[in-house]
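Read from first to last, the chains carry the letters A, B and C; within each, the first residue is number 1.
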Amino acid sequence: MSFLSVRNLSARVKGGGPLLRDVSLDVAVGEVRGLVGESGAGKSMIGKAVLGILPKAVEITSGQIMLDGVDLLALPPAQRRIKVGATCALIPQDPLTALNPSRRIGVQITDRLVDILGWTRQRAEERALALLGEVQITEPTRVLRQYPHELSGGMRQRILIASAFAAEPKLIVADEPTTALDVTVQKQILKLIAALQVRHGTALLFVTHDLGVVSKVCQKLSVLYAGKVVEDSAVADFFRAPKHPYSAALLAATPKYTDPLAGLQPVPEAVIAAVRAEVAHG
Amino acid sequence: MALLQTLILRVITTAVTLLGVAVIVFFVIRVVPGNPIAMMLPPGATAEDIANLTAIYGLDKSIPQQFFIWGTGVLGGDFGTSITLKQPVLELVLGRLPATLELSVLALVMAIVIGGAAALTGTRLRETRVEGGIDVAQGMALSVPDFLWGLVLILVFGVLVPVFQISGRVTPSLQLPFVSDFYLVESLLRLRFDLSLDLLSHMLLPALALAIPLAAIIGQLLKQSLKETMHLDYVTLARTQGYSEAKVIWSQALPNAILPTLTLVGVQFTFLIGGTVIIERLFSYEGLGNMAIDAVINRDLPLIQGIVILFAVIFTGVNLLVDLTYAALNPRLRHG
Amino acid sequence: MAEGRFQVRRRAGVRLWLSAAWLIVLVIVALFAPYLAPKDPLEQDLFAGRLPPFWMQGADAAFLLGTDSLGRDVLSRIIFGTRIALTVAVISASLTCLVGAALGLLAGFYRGWVDVVVSRFIDIWMAFPPVLFSILLIAVIGPGLFSIILAIVVIDWTRFARVIRAEAMTQSAMDYVASARVAGRGRFGILLREILPNVLPIIVVLLTLEMGIAVIVEAILSFVNLSISTDDPTWGGMISEGRTSIHQAWWVLVFPLITLFLTVLSFSQLGEGLKNRFDPVLR
């Protein structure tokens, strides 16, 4: 059964053009779905729509976002907020800006557990300590008392991951969680997310540019082009035989999965033109 | 370490500034044509009487000599004796200072509350008519100085709807049990709320007049930084965690947005204290500023010097304090 | 979004034009005061003291806005007061601007000891309560139009110097200054031809704001009876008198107060409006 089910979601910039066109995608309980597509395709918009943090200028024109069987868009804002806060979490893209600079790490992890979920302060603190251990931070007691600027980017992303898993969410949206990090750190963070996902059985909506990552972490994959889902496949099927020409081109443009000697091939113009025409009609 | 260095440097420049203020007042007021001693004696006084008294106040010496005598006195806590009131300047000034401090601090608190509320409301309801309305009101509040707001308040709440007092610090017929000059503070401590109420009804309008422009400045700057902060990732993250918009503004955005406003409030607070001079005059409030104007009109040289120096000490002190608070509050500065 | 922005801009434009219109009216009133004023502003008539404005009972239609305790016509005094207010505003603001901008430019562009001296003086000036300082100065040099102008210049030059010093420093660090130097321009030439034109918009804004401040300072000094002379019609002097008779004759206070309020507001709105016009971020 799918925990998250986005049905025919369309969104646009207020008074402007469409951003999402009739998007449907499902994430089953405990499943990892990759979301790929070129920059500006609307990947982040889908994640934001689910979490209820769309920019003010963007409005949803039609569709449903079913979370755990409830249509989020039909809920009053306050209820929706609490529902999302209790069952979902976000691993943000840039760990340098996603922590509040004026507050200690500890309270940034524990506060929402106490404020929103009604835990006791002591339980929240024990939980934070345990999680920092899980994300392989040494000296967790000291880190909890530090401020964000005292920590490296990799450390901060570990903390954000710990915070995301803190309340045992059913679904985590990870929006390019490694792009802002050093290449050497990226791998460790990916491994960490994958390991935690398996251990906690959390469903994951994983936004990325990197098909290599998809092949390692995800079971399902949605390919987005200009706000439209052009392919929705199991990952294994996708790499064997992409259904859509744009997906095929995307795959061909990723060096690792073709002949390495052929080097990097851009998505052919003709394919893009064809997809554009299709998206415009559909 | 860096903090200590900055501190020492700031203390030195502050001392230089104070010395500059002292020199300037001292020389400027001695250019005054007319002998202040002659003014205070009865018309029939002989030239000899005048000369005698002039010598008593040391006004027969050269100006640099006078400055030296006065300066050494000040360093020892002796600011001389008022010519008109014939009491030690320090005593007079310290007797009036509490009235002015209470008024200024009340005004500051009002400005912070009003300005803060306006900024928070404007941020919560951003891009609506309410925000537009707040902006326009703040623009007006800012354009008109405290003196004019004082007059408007006198008209509206003193004459049109006479609900507040427009003159004095306390109703003169009241029996005051106070041992200090901090009337408001003491009335609260003694639980004499009847007296507190009377004091507040006298202080409210002058304090509001002082507070209005500052409230607008605080409101504008705070809202601007709040709105900038609201776009940041950690604020978005807090939203996904289930916090309401109001709570996000209050506990995530506000602590980070408040720092630039704080620095500004410090400088502006000194302007507010400067404004008490004319506002106290306008509301016949018995504070330092009112006394200062009287001292100028009466050519009471020692008293003028004392008051101006005290104002300068307060101004520079507030600025120093703000710089230190800023350093202490900013975790990034604190840790190097 | 775009719509809202446009509306705000337009409303700001309306405010700008209203302010300009009020100030133009004031200039006309000041120029033609003798023709516009129904009465001699100095003429006393003790039998016509404290007459209310025309719509109230007991009014005399000859005194449209009523009379003060000495029976002088409030309207005529406001009209003649405009002359003094505008004279002080224009002359003192221009002189303040000249002194402050020059010192600020020199300090910000040449740095070194000039900057040290100017900055120190600014610090010292900031430690004075300005109102008390101006009262003190007038007490020293004696009342009169010239004294007021001098006091405003002496006290307020730091307003210009502070801002323009900072701006000159920013401008000096820019590439176009370096290339002008490479091109062989002298230091002073660069200051006049390159830096000055770039800080001119700020100077104009500050000048406009300073005119409003000058009007207020004049009113404050009149209020403590240190301005021109107690007979000459000044808005501040009228307000001072009105404050004492506020319960008997509110109109003596209200009408000059409204005039002063609108004038100060207009200068300020005009200055803010110009600032937004000049600010490339908002444009």
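In the analysis below, contacts are C-beta pairs under 8 Å (C-beta built on N, C-alpha and C of every residue); 3 or more make two chains touch, one makes a residue touch a chain.
This structure is a prediction, so every number in the text was calculated from the model and none was measured.
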Middle chain, criterion being Cα centroid separation: B
Centre to centre, using CA atoms, which chain is the farthest one from subunit C? A
I'd like the Å distance between the centres of subunit B and subunit C, where a centre is the mean of that chain's Cα atoms. 23
Can you work out the whole-Å distance between the CA centroids of subunit A and subunit B? 53
Approximately how many whole Å separate the CA-defined centres of subunit A and subunit C? 58
Could you tell me which residues belong to subunit B and also touch two or more other chains? 127
Enumerate the residues of subunit C that touch no fewer than two other chains. 1
Footprint of subunit B on subunit A - complex, ascending: 51-53, 56, 78, 81-82, 84-86, 88-90, 92-94, 97-103, 111-112, 115-116, 147, 149-150, 160
Given the complex, residues on subunit B that touch subunit A span 127, 232-234, 236-244, 247, 251-252, 255-256, 331-332, 335
Taking the touch rule as given, give the residues of subunit B at its contact with subunit C in the complex, in rising order. 13, 16-18, 20-21, 24-25, 28-29, 31-33, 127, 132, 136, 139-140, 142-145, 147-148, 151-152, 154-155, 158-159, 270, 273-275, 277-278, 281-282, 289, 292-293, 296-297, 299, 304, 307-308, 311-312, 315-316
Subunit C residues touching subunit B in their complex are 1, 4, 8, 11, 120-121, 123-124, 126-132, 135-137, 139-140, 142, 212-213, 216, 219-220, 223-224, 239, 243, 246-247, 250, 253-254, 257, 260-261, 264-265, 268-269, 272
